[in-house]
Every structure is written in structure tokens, then in C-alpha cells.
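Everything on this sheet refers to the single structure shown next.
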Amino acid sequence: MKLSFRTAGMALYLLALALPIYWLINMSFKSNVEINAGLSLWPHHPVLDHYQHIFTDPAWYNGFLNSLSYVALNTVISVTIALPAAYAFSRYRFIGDKHLFFWLLSNLMAPPAVYAMPFFNLYSEVGLFDTVWAVALAHCLFNVPLAVWILEGFISGVPREIDETAAIDGYSFPRFFLRIFMPLIANGIGVAAFFCFMFSWVEQLLATTLTTVDAKPIVAVMTRAYSAAGMDWGLLAAAGVLTMIPGAIVIWFVRNHIAKGFALGRV
Amino acid sequence: MARITLDGIAHAYGRPRTEQDYALKKLDHVWEQGMAYALLGPSGCGKTTLLNIISGLVTPSEGRLLFDERDVTRLPTEQRNIAQVFQFPVIYDTMTVAENLAFPLRNRRVPKPQIEARVAEIAAMLDLTADLDRRARNLTADAKQKISLGRGLVRSDVSAVLFDEPLTVIDPALKWELRSKLKAVHRALDLLMIYVTHDQVEALTFADRVVVMNDGRAVQIGSPADLFERPEHTFVGYFIGSPGMNFMPAEVHGTTALVEGHRLPLGQAYPPLPAGRIQVGIRPDFAMLSRDGGVPVQVRRIDDLGRRRLAHVTLGSRPLIATVPPDMTLDGSEAAVTLSPAHMHVYVDDVRVEGRAP
Amino acid sequence: MNDKPIHNRAWWFVLPVLVFVLFSSLIPMMTVVNYSVQDSMGQNNFFWNGAGWFQGLFDPTTDIGGRFAGALVRNLFFSLVVLALEIPLGIAVALCIPRQGWQVGAVLVAIALPMLIPWNVVGTIWQIFARQDIGLLGAALNGLGIPYNDTQDPLSAWSTIVVMDVWHWTSMVALLCYAGLKAIPDAFYQAARIDGARRWAIFANIEFPKLKKVLVIAVLLRFMESFMIYTEPMVVTGGGPGEATSFLSLDLVKIALGQVDLGNAAAMSLVYNLITLTLCWVFFTFTTHADQKGEA
């Protein structure tokens, strides 16, 4: 089999990507005793203790549930309110449209560190502190502009004649939007939803700042993986491995749309 | 190189079970040096597949391809001494026109003075001399296509130039100019040129020989005159000419054809024909409308195209298109059509049958 | 496209987004502005401080000014280093991604995985990986005789964070470049082969020019995101050793939430935000300008 530069290069890159992840998986199956005893390339006495702990300890599995909750909430909210706005930006000119778009984009690039403290105050005032809603809404700061940006690109790719034809055919606007338009931009909605999911799932600073007990997400729970013997590496590793699974699943399902969406969208 | 030979070339994507699975059905043909050929046919007829087999972008699933006596069937494109012009201009944005033209020669380590001479020569031939120092990306589409062509011509070992619908992105106003330029280059350089198109005007004005293709098959290969006057297949009759040939079901006996109860004289004597669908065909150009004398027809409508007028008539129940002589005026819808016997052709199952002199 | 109808009722469409962003962005920023120009003696007693906090911030001799200047320099240096590594590597990886077949989906998923890992887990992965006692990398480097200690040696700490960021985000550059490369029609490659062009010439004359627009987007995105980095270095080094890896975000969070030094934090927030706003303006201008040029 001819080994081309491309295959070799890609194999090397994938190996480099996989190695640290492998190490984490490796660690998650070792008992703490084995971890502290020394370095081993694979678990000599594999155990499922850490995983068992996570699945049975409410603090841990609630952490996962909380994270999944606010990510789902955020994705739905972001895409829902972004759709009409993206439609407006794409189809209409109105006073201040360029400035509004710019301001929207600037929130995409807002450093979360800047917003940590104000959000802390804000959500405490509103009584949403320590709920999944707080995190879901906070993540809208950058996810809504992102969804608008992506959707606007896709909507602009649909010819305006379709809107006009539907109007002539007697469709009311809501009916047109739901039954005709949305299927046309399904790829775009998928791409937008994917990125909202991704950026909300990976964000940690705001998620930890806005929660303490009830709505603690997995990213926060993991920072408390101490035991009497010091850092509980095995447990930490197991939790880390579990957090990679939702991401892997989502991207597997959308892999074809990503390739298409990247090409069609803003690039 | 004097010629390209197709020896039993056929191509199917995947494993073929029936003849229908072939994108390109078995073809034997010799392309002579110095001639200009057009591959003409509707979309999906296999013309681009054939071009790609000749250029080397596709390896045929069956058959051999020979350049002179050399079997090049599996030889990669860059070793075949051909040039190819695509549907859209392919130029190197970062280079000037001169650098674009010089590129293939630089890659072959040709000495600099020779490169400059050759570039100047080709640029002059294509009217690009004035633009030699401009950035290629700033030029118009037709200039860019000329550069694409120039890059192919600049190598002196090129023996064939292949064109894949090269005028697609050109402004209609400039198409004629570019076509004339291609013809001029052909005459000057005496190269074999193969030109793929779906536009019959392009094909008929450019080519010495036209290969009409349909559904993966080469239906007829001949000069534009041959295709016009003696279509070997009803498809060629339809496709060539604007409007295409008239076809009517008929019974043929000797030198007469029976169409809708009317006896029409034929230009040749035909033996008893094999069983099958029998049709006679005649081009509108050879069916003249007259007030009387000839086959009686009903006139449905007259199209005035400026240069000529076409009459849409019915012969019994069959529609027919005939030419209206310039000085003729019509009243009413009764008229007659004279069908020139020399230009009536007989087709059995869509294939022309040759008769004998009467 | 300048023939869009003027419809001020479009504002109704935009209203939900507007409300949200107002809530999420404008109101918090107002509190920040508020804090940045006031000082308090505790117990919610505020008095006007004018530009006082800002003066301290921009004066490198003060404690806060020194920290700010240091963090800013560190951030700029960090962004430049990771860009210098991620862009060429991303292009190279994009060139290696298969163009057709089942491998395409598999490779895209594999490449994208690092980007979908929660950022603290990325930090954790590298925290473990880099340890000299239980981590493969740390142990291997020390085993090879290279003095590596990411908790005590600034160079090691920096290297770890740089490598971690490259590991984390090169794939994004690669995916963007891949999309750009896919847009190049096959005919260009065929013509280049007929012209006898070598691999490098194909890259320099066909692929790279077509990638330029994508690369600018990639550079701007990566620059801005690396400028805001927080979680990963926080987990791996906590900003240390000492202040060696204290980036702007880390410092800001320490001051704002840790020390609750509201005035300084607010002033720093505003300046930080202004910098990113400027960068965003560059990004916005470039992409919309390029869009218009593309349509011309």
C-alpha cells in the first residue's frame, strides 16, 4: 500500500491529538493506588470505580444533568430568537441595521472575564442566581450573535423570489416561515445549533460564576475533585472522559452537514 | 504526432451489466492531425467523458487509446503532449499574463531567451501583447480564456488541443470574436483540435468534422454539410438545423413513399425494406410552400424570422414545417408543399437507408 | 445587494435579540462603567473618582498598573506565538484531509474532537499529561533529560500552555482552510498538472491565493479568542509560577471576584473590552468589505 505524505501527515496529527486524550482515558480506569504507584502505559488492574462513583453520586450526575440542561435551553433560545433577527438583517434595510449588526458581533468577542462580575450582580438581583436559567441566558451573550451571524449567511443564500412567490400564493407570513422557509435553511439551522451547543458546552467561567449548589454544572463539580488523599485524579479523569461523549455524539451526527455548511456559509 | 486512435473505447462507471450502463458505448475512430473536430450533443450524451478519456483525466474501462502507434491508455495527462481549455478560465492569479504563458516552459526548464520568444509569438497570435505585463486576474473572461489557451499552445511539443465548452462564461457579444480567433489559431498552427459543445452553431462553424453524440453513442461523424444534407440518424436530423428535420411515418415502395394517403416521389429506388418503424425525413429548407402543385396542406401559422419565413402546416394529420418563398403571399389556409425528392431520406428504426439510383 | 426594501417594521423581528443583548450586554456594562468611575468606603457608600482608577491602570509604576502592563504584554506575546504555530500547521493539516470517500467524515470528526471538550477538561487533560509523576509527557521529557517542570519553571509553564492551545485549536484553522480548499474546482489542479507544475508550485500559485480570505478570518478569530483565554491556563498553572502565565483574563477575574476590588476591576474591564472591540471592528470591516468585493 502506497503511503503518501498526506496519509502519513494526517496519521501523525491524529496521533498527536489522540495521545493526551488516551492518557486521560487510561487514567480513568486506574485505581488511585495504581496512579500514585508510578507510571504505566495502560491500566494493569483496570477498575470501574471512578465511573461507578460518578453514576451513583448525585453531586456528580446532577452536574452532568445541569450542564446538559442549560446547553439545551441555551441552544433553543439562541436559535429561536436569532431566526427572525437573521431574516430581518438579510432581507430588509432599516435604520441602524449596520450598527446593530456590528454591535451584535462585538458581543461575540466579549471577554467572559469582563462579564463575570456584572453577571454575578445582575443575576443575583433578578433572583436567577444558581439556576440553569442563569447560565443558559448568560451564554446568550455570545451565542445569540453567533446564531444570527451564521443564519444570516444561510438566509441570504435563499433567493428572495421564494418569499415573494409565497406571498403571492396567499401564505401568511408565519405559515410561510414555518412551512416553506425553515426547511430551506435546515442546514443553516443545524450549523447554528451545533455551534451554540459547542460554545455553551465548553464554556466554564460563566457557568461556575453563576452557580453554587443547586445548578452546579459538571465543569464546576470537577474543580472540587479533592479527597483526603489530595487530587482524586482517577475520578477527575473519568468525569473528563464522560464530558467528551456528548460532543463526540453531536459531531458524529452532523459531520456531513458541517462539511456542507462550512462551504456554504460565511467562508 | 499525426493522429489519435480510439480502438474499442467504451466506458462505464461501476460494473456494467447491460449496454445501458455504459456512459460511453464502444467507439472506434481515428482523429487526424491538423483537423478540427467538434463533439456535439445534448447534456449527458458522453461527450465530456470522451474528451476526458482522450486527455487522460479518465481511464476508459475498455479499449485502447493510441497516440500515433503509442498506447497511452494508462499514461497520465501530463505525459500526453496535449493542452486542455476548460469551461471557465484557469489562470494563476498571482502572475502577470507573460508569467502565466511562460509557466509551462519554466517548469520544463526551457532556456530563458526561448521562453521569451515563444511567449511573444503566442501572445501576438492571440492579441495579448498589449496585456503582457498586467496581472492576469484583472482581465476580462475572454482574455483569461485566451491566456488559458495560450498556456496550452506555448509548448511546442503540443500536438492536440482539447476544448471543453470553452465559451460558456464568455459574453455573447465576444463569443464570435473568440471563435474566429480559435479558427485562426487552428489554421496557423496546424494542430489537432477537439471541441466539445452542445451548441450546434459553435460546432458547425468551428469544425471540419462533427461527431454528433447521443446517449453515449457517436451517432454520426461527418462534415457539417454531410450532417445537414444527409443525416444518418433521426437524432442528427432533429438536433442539427434550426428548426430540425421533419419526420413522417410512411410506406416505401420503390421510388415512391406513401404518406397520409399521398404519393411522394423519392430521389432513390429502395428495395423492400426490413420490418421496423419506417419514416421519411425532409428538412424545412427543402419543403417549399406554394399555392398549388405539390401535396395539399393546411397552413396553421407563419413565423416571420426576418431572413426567412417558416410555415407550420399539417399534411393530413401530420405536422410539417415548410419554407415560404420570399415573394409569396398567402390568403386563406389552403396551400401546397413541394418536397424536393433529392432531399427526402428514408429511415428504418431511426437509421437511414441508402437506396440505388433510380 | 442594495435593492433590499426599507422596512422599519423589521425592528419587530430584531426586538427579541435586541432585548436579550441589552440585558446581557448593555446593562452589565453600565454597572461596570459605574464602578469604574466611583470609589467606595464600603457599605455601598460610593463617591465620584473620575479617572482615578484609569490613571492607576495606565501607570506602570503602581501595583495595578504594573500588573496590567505585564498581563497585556504576556497576552500579546502569547497570541503571536500561538498564531505563528497554528496557522501554518492548520494549513498543512487541511492539505492532508482526504477529499472523498468515507474517510472524510471520519477524519473531520476526529479532528474536531478537541474543540468540543469543555475548556476546563482540556486544562485537566494537560494538567495530568504534563505532570512529571503521573503524566506521560512530563515523565517522558524528564526521562529524556530535558528539565521540565510546569509548576515551577516559567519556560515549562509557557511551553505547556502554548502546546495545549495549539493542540486545542489548530483543528479550527484546519477546518476553515479545508472549506476554502474544497471550493477550488478540480480543473485548476488538472491544468496545473498539464502545465507540469510541482507540488510546491501548485500550493503557492493555486491553493494559497484562494485561501487568503479564509486565512484572514482564521487569524482574526484565533487572535481574538487567544486574547481572551482564561480557563485552560487557570486549570493548568493557575497563572503561575508567580505571575509567569497571568493573562489579562486571569488577573481580571482574580481582582474582580477574588479581591472584589471593584474599581480597578471595572477600569481594567473597560480597557480590555475596548481592545477587543477594536479588534472586532477590524474583523467586521474586513468580512463585510470582502463580501462586497466578492459580489462585485
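To keep things simple, chains are lettered A, B and C as they appear, and every chain counts its residues starting from 1.
Simple rule for what comes next: a contact is a pair of C-beta atoms (placed from the backbone, for glycine too) under 8 Å apart; a residue touches a chain by one contact, two chains touch by 3 or more.
Here the structure is a predicted model, which is why all the values come from computation and not from measurement.
S.K.: What shortest step count links chain A and chain B in the network of chain contacts?
M.R.: Tracing touching chains, the least step count from chain A to chain B comes to 2.
S.K.: In terms of C-beta pairs in contact, which of B-C and A-C ranks higher?
M.R.: By the number of C-beta pairs in contact, the winner is A-C.
S.K.: For chain B versus chain C, what separation do you get between their C-alpha means, in angstrom?
M.R.: 57
S.K.: Can you compute the centre-to-centre distance for chain A and chain C, using the mean CA position of each chain? Integer Å is fine.
M.R.: The computed centroid separation for chain A versus chain C comes out at 16 Å.
S.K.: With touch defined as at the start, can you tell me which chain C residues reach chain A in the complex?
M.R.: 1, 4-8, 10-11, 13-14, 16-18, 20-21, 23-25, 27-29, 31-32, 92-93, 95-98, 104-105, 107-121, 124-126, 128-129, 133-137, 139, 167, 171, 175-176, 178-180, 182-183, 213-214, 217, 224, 227-228, 230-231, 235, 248-250, 252-253, 256-257, 262, 265, 269, 272-273, 276-277, 279-281, 283-284, 287
S.K.: Over in the complex, which chain A residues touch chain C? Could you list them?
M.R.: The touching residues are 5-7, 9-10, 13-14, 16-21, 23-24, 27, 35-36, 39, 41, 81-82, 84-85, 87-89, 91-95, 97, 100, 102-122, 137-138, 140-141, 144-145, 148, 156, 198, 201-205, 209, 218-219, 222-223, 233, 236-237, 239-240, 243-244, 247-248, 250-252, 255-256, 258-259, 262-263, 266-267.
S.K.: Would you mind writing out the residues of chain C in touch with chain B in their complex?
M.R.: Against chain B, chain C makes touches at 185, 187-188, 190-191, 193-198, 201, 204-206, 209.
S.K.: Per the contact definition, I'd like the list of chain B residues that touch chain C in the complex.
M.R.: Chain B residues touching chain C: 57, 76-78, 82-84, 86-88, 90, 92-95, 103-104, 107-108, 148, 151-152.
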